[in-house]
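In the two complexes that follow, chain A is the common piece, with chain B as its partner first and chain C second.
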Partner chain A sequence: MASYIAKRFLTSIPTFVGVITLVFLVMRLIPGDPAILILGDSATAESVAALRAQMGLDQPILLQYWNYLVGVVSGDFGISIRTSRPVFSEVARLLPYTATLAVAGIAVGALLGITAGVIAALRRNSALDIVVSGIATVGVAMPVFTIGIILLVAFSYNLGWFPSIGAGDANSFSDRMRHLALPAIALGISSMSIIARMTRSSVLEILGLDYVRTARSKGLPARSITLKHVLKPSMIPVVTIIGLSFGRLMSGTVITETLFVRPGLGRLLIDSIYARDYPQVEATVAFFAVSFIVINLLVDLAYAALDPRIQYS
Partner chain B sequence: MKQRKFRGTMIRAAILAVALVAAQAVTTGAAQSIAEEVTIRYRGDITRLDPQYQSSLHDYGIADNIYSQLVRYVPGTAELTGDLAHTWEVSDDGRTYTFHLREGVQWHRDWGEVTAHDVKWTYDRMIAPDSDSPGRFDFGMIQSIETPDDYTVVMHLDEPHGPLLNKLGYNRRTGIVNQEAMEHFGDDYTANAIGSGPFMLAAYDPGERIVLEANPDYYEEGLPVTPRIVLIPISDDAVAAGPLGTGEVSLGLFRDPDTIASLEANPNLVVDRGQQSAISALYYRIDRPPFDDPRVRQAVHHAVDKETLVGSVLTGVASVAHSFITPLADGSAEDTVPRYEYSPERAMELLAEAGYPDGFSVDLLTTQLEPWPLVSPMLQFYLEEVGIDIEFRQLEHGTYGSERANSNYDMVVLTVTGPPDPDTWMGLVHTDNTPPGTNSSYFSNAEIDALIEEATATVDPEARAELYREIQELALAETAMLPVFHLGVQVVRDPRIQGFAVPIAHDFPLKNLYMELD
Partner chain C sequence: MSGTKEGVTTMRDPDVRNESFFAVVVRKLRRNPIAIVCLVTLIVIAGAAIFAPYVAPADPNRPNLPARLSGPSAEHWFGTDHYGRDVLSRTIHGARVSLTVGIVAVAFGAAIGVVLGLLAGYVGGRVDTIVSRLIDTMLAFPLLLLALTLIVVLGSNVTNVILATGIATIPQFARVVRGSVLSVRELEYVHATRALGARGLRTVVKHVLPNVTAPIIVMATIYTANVIILEANLGFLGFGVQPPEASWGSIVNDGRRYLAQAPWVSVFPSIAITVTVLALNLFGDALRDAMDPRLRS
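After this line comes the complex of A and B, so read on.
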């Protein structure tokens, strides 16, 4: 197991370097200049050149890249152009907000998705199955901001059950939860749909296997068959989908945080891109890449827990 | 020490009580109370609170409340008044400005008294040759600063500079800072900003909220009125409309006409309108064909129906512009500059005379920043009506800024906002200010350049205003650009909110604001 993790870690390095190189290049290749944005109306050729020189942007791009890589290796992603603060301290400060939202979103999505998928599979071709599958299809097709707006209009603007902005009072757990509910449900619904569809087909596949038929013929109660013999083995593709949903969820937090005016890495990324805050964008995307790599590793490790036949060496 | 703190607390409580009583008196004259805390929508998050290094317009509005300046504008007007300085004199040669400071103005949180040395340190730090503050370019005319005593600041200029007072009064990089506090907090300064303005920074949770608390030692008696103001950064107008409707926020500035219209329909909200110190215009490359021909430029002026444009897509959020200096400023020639009536027929005749009977093709560079996405397609429509084929390039604002700075356009739109002094817009027509400067038409006229330099060096307000009027008339007789609209500012508020003057530019004056309670 340890050697497997070590191997995965080593094979992740090229992926990580690839991501940060790509972000570095993309940020410098897209039009837009932080010096021009900072100076605004008072920009002159002289002031733009002076500011670019101070930010090191007048150096050849290869030299900038080399300096950047040297910084990354020593754990220094640089200083934000916008705020003059170390970029990683900003990521660390906002991480709890985004992590809470992402975990809550996945939890809502998995809970609703697996429940709906299992019910649809067990009641295959019934009216319930059609309704659940229909909802799942609509959910897949609907972007997270549409779901978010519907939730906001219904439960916040009209019914007034939930607040529409902010992350809540840091000292009050219940207030934080009230603020988290709608964004987490919005994110959850968008990932629920695909989890429900995957669970349904996976459960149906397992239901048709010989050992399930044997269990039935032995007279085991239906509930026991579902929980012990069907659900666990059918979870392998579902866990994969949940892991992959995480990537989708990250892009979902960008939109959800903007819509519900929550602090977080998604909004940080968007604001930094608009301001051409190169170091902040690079650090935030690097962090997203690392999270994605780690989540995928955890998903792979979860297979062994779900199916004892899978062993890592 | 304890005793001092206790006394301080008592004094603060007494001042607060006076402020509250004064506020009640202001409201109705009867016993009516005001809210202890007011929550407001702010148009964006702040990035830093070191005024001299600020570059985001959202930063300026918060700095406006935390810091004092030498002078400032009376909220909602272009009228200058004293702030730290109670009086000032300008020498006859216009090269020396002497400011007399109020005595006893205190820094927030017991950081001592504000003195002339703080003013000197603030400006010296910004204009030092090795400074990387963007303000170095705004205040480069200040040669040296002397402080003959604790309450006198003398600024020596390398040459007379008429717009200086207006620049000093504008809340862009002019907040006076405390050297000791800046050095003490270092990298954490933004979260611990120390000023001497009406509000103290109580909490800053980036992306979530900025909390301001009334400065109990503020020098203006009875101000600020509201003890605590929470600002929620919401950049999108449509998103901000929701919490305003639910009452989660009580006031906000809006620019999107559709959102404003929907909020205006809400009987629980009121809309206040004001004019911004800004000019929005269409520019064309005069340095090359086809716009090097004055007849083509005149054709553009005749082609665009500004009245209909502003009346249809900018209803209530802007007014038609005829000149390129805000009517808020002394020296605006809004009523005397040449005007070109809307006449597509005349535009086509002029194009034919200029050798373009079938029109021509050019690109139009524009931004996604409000309200241009509503205006630019209208400009495209009008120009195509007279045969000018437009390749429409509406880009994200950062990309647009870079494309404009690199002169990658035939026609471009631009809004320039700044202090309500004509000098703010002189760059639009000065030969030396072509992109990345604001002279996006590449307009060049030696006589106008000389007049601008003369106006800049003129200190007498009447004489300056006259020179600026002449510059506008000359530049627009040569169709240096097509002024399109003067942008307005819309404040949408709970009717119980009082005392908030509609900002004229990047200011956000909160000290008089309060909310009546039923």
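After this line comes the complex of A and C, so read on.
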């Protein structure tokens, strides 16, 4: 197992290097001189030259790339044009908000999705199954902002149960939770649909296997069969789907943070794009992509815990 | 089910011995009520988009300030926005942009993705390594993030939104085609054509490509839905097409600041997106069932 982790980790390195290289190249393709974009058209030639030197833009591209790589390894992506603070400290400051939202979203999605999927599978072809499968199918087709808008209009503007914007008072746990509820549910419903569909088909497949029939025929109670013999093995593809839906979830955080005006990495990215704060955009995009690689790695490792048949060699 | 190994042909299915693949698929789709409902829905939406100037009750860009933010009524079925523009007319015209982006971007992404996938899967070796690394790298970006980054470079207008969303779908097509080619490449008939002297390119185009067409068509249907959502997300964030042009996502974005007073501005185009994407997804599922006999239980 340890050697598998090491090997899997090593195979992620080329993707990691590829991702940060792609971000570097794409950011250099932005038309126009970044220094002029920042200072405006009326800037003097001297001030443009000074800023170019400060940003390292007067160096050859390969040297710029090398400095960039060194910066990535040491966590130094440069200074934000908008806030004049190190871009990575902005990412670190806002990460807890986005991480909380993402974890809450996936928790809501997994809880609702697995419950709905298991119920639909155990009551196959019943009215309940049709309703659950119907909701899951429509849910997949809904953009996150649509779900968010419906929740916002219903539970915030009309019923007044939840606040509509912001992340709440940092010193009050209950206030933060009230602010987290709607964005997390919006993200959760979006993931729930896919998780429910996968859970349903996975549980159905396991229910049809011989060893489940054996467990039934030796008189084990249905509850114990479901919990002990069916649920655990049927979670393997579900974990894959939860892992894959992290990409969707990251895109979802950009949307929900914008809709609910919450601080976080998604909003940081959008605000930085609007402000043409390219060092910040570069760092934020790279951070998102690298987290995605790490999450996929963790998902791969989670299989081993769930399925002893999987041999890592 | 026998004789359908690798899911690449239905010709050995005893029911369908004398029909072409296309005829089999059409016959199976016609027996599927969900597929028919979805297809009719898509035709109606596409028809409304194509004939938007004749179907829309009003000019989508004509402001009418006295009637601003008025709710759904006999005159304005979907209400009006903050400039008093008719939301129904804007939604119908928005369909043109959203559908065009969906279809053209997927055609673009599929064309390049298929070529890359064929190359990587069939040629193998170093070409495969380079293409696979590129695919892995692009897939390491969440779809919205990749499209957003490309929009930053290209700038926002319809052509660039198509380019950005199209490029974002290339790795998905390339990966699926590569996988399909790897399984088809080792089938006996492909070995046989090579033994008969067919050269690489001819084998790929005449013998391998037709057998990976089914997964490509199914994927294109489902990815059209994904790109429509992607474009809507870009529009919602303000990076889609620019005014006066409007897509479903940008209309939702227009209504965002007025959600408390006038939710209809955002809600109706959101419904249009959901219905279109739902129809495309379900039709894609039906198409997959019709094209892949292994999945028919």
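Following the convention adopted for this analysis, the second predicted complex is superposed on the first by the 272 of 313 C-alpha atoms of A that agree within 3 Å, B and C clash if a C-alpha of one lies under 4 Å from a C-alpha of the other, contacts with A are read in each partner's own complex, and residues count from 1 in each chain.
The rule is short, and it goes like this: a residue touches a chain if its C-beta (ideal position, glycine included) is under 8 Å from a C-beta of that chain, and two chains touch if they have at least 3 such contacts.
Predicted model only: the values in this text are computed from it and were never measured.
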First (chain B), second (chain C), both or neither: which does A:38 touch? first
First (chain B), second (chain C), both or neither: which does A:30 touch? both
Considering only touches as defined above, state whether A:167 meets chain B (first), chain C (second), both or neither. first
Once the shared chain is lined up, is A:152 touching chain B (first), chain C (second), both, or neither of them? both
Should A:188 be classified as contacting the first partner (chain B), the second (chain C), both, or neither? neither
By the touch definition at the top of the document, which applies to A:142: first (chain B), second (chain C), both, or neither? second
According to the stated criteria, A:258 is in contact with first (chain B), second (chain C), both, or neither; which is it? both
Taking the superposition on A as described, I'd like to know which of chain B and chain C A:243 touches: first, second, both or neither. neither
After lining up the shared chain so the two structures overlap, which partner does A:289 touch, if you call chain B first and chain C second: first, second, both or neither? second
If you lay the two complexes on top of each other, which residues of chain A touch chain B in one and chain C in the other? 30-31, 152, 157, 164, 258-259, 274
Residue ranges of chain A touching chain C (in the complex, touch as defined): 14-15, 18-19, 21-23, 26-27, 29-31, 137-138, 140-146, 149-150, 152-153, 157, 164, 247-248, 250-251, 254-255, 258-259, 269-270, 273-274, 281, 285, 288-289, 292-293
Which chain C residues qualify as touching chain A in the complex? 133-134, 136-138, 140-145, 148-150, 152-153, 155, 225, 229, 232-233, 236-239, 249, 252, 256, 259-260, 263, 266-267, 270-271, 273-275, 277-278, 281-282
Chain A contacts chain B in the complex at 30-33, 36-48, 50-51, 54, 82-86, 90, 93-94, 152, 156-157, 160, 163-167, 257-259, 261-264, 267-268, 271, 274-276
Considering the complex alone, what residue numbers of chain B touch chain A? 45, 47-48, 50, 53, 55-57, 132, 134, 137-138, 187, 190, 205-209, 232-236, 239, 242-243, 245-246, 248-249, 395-399, 401-403, 405, 416-418, 424, 427, 433, 436-438
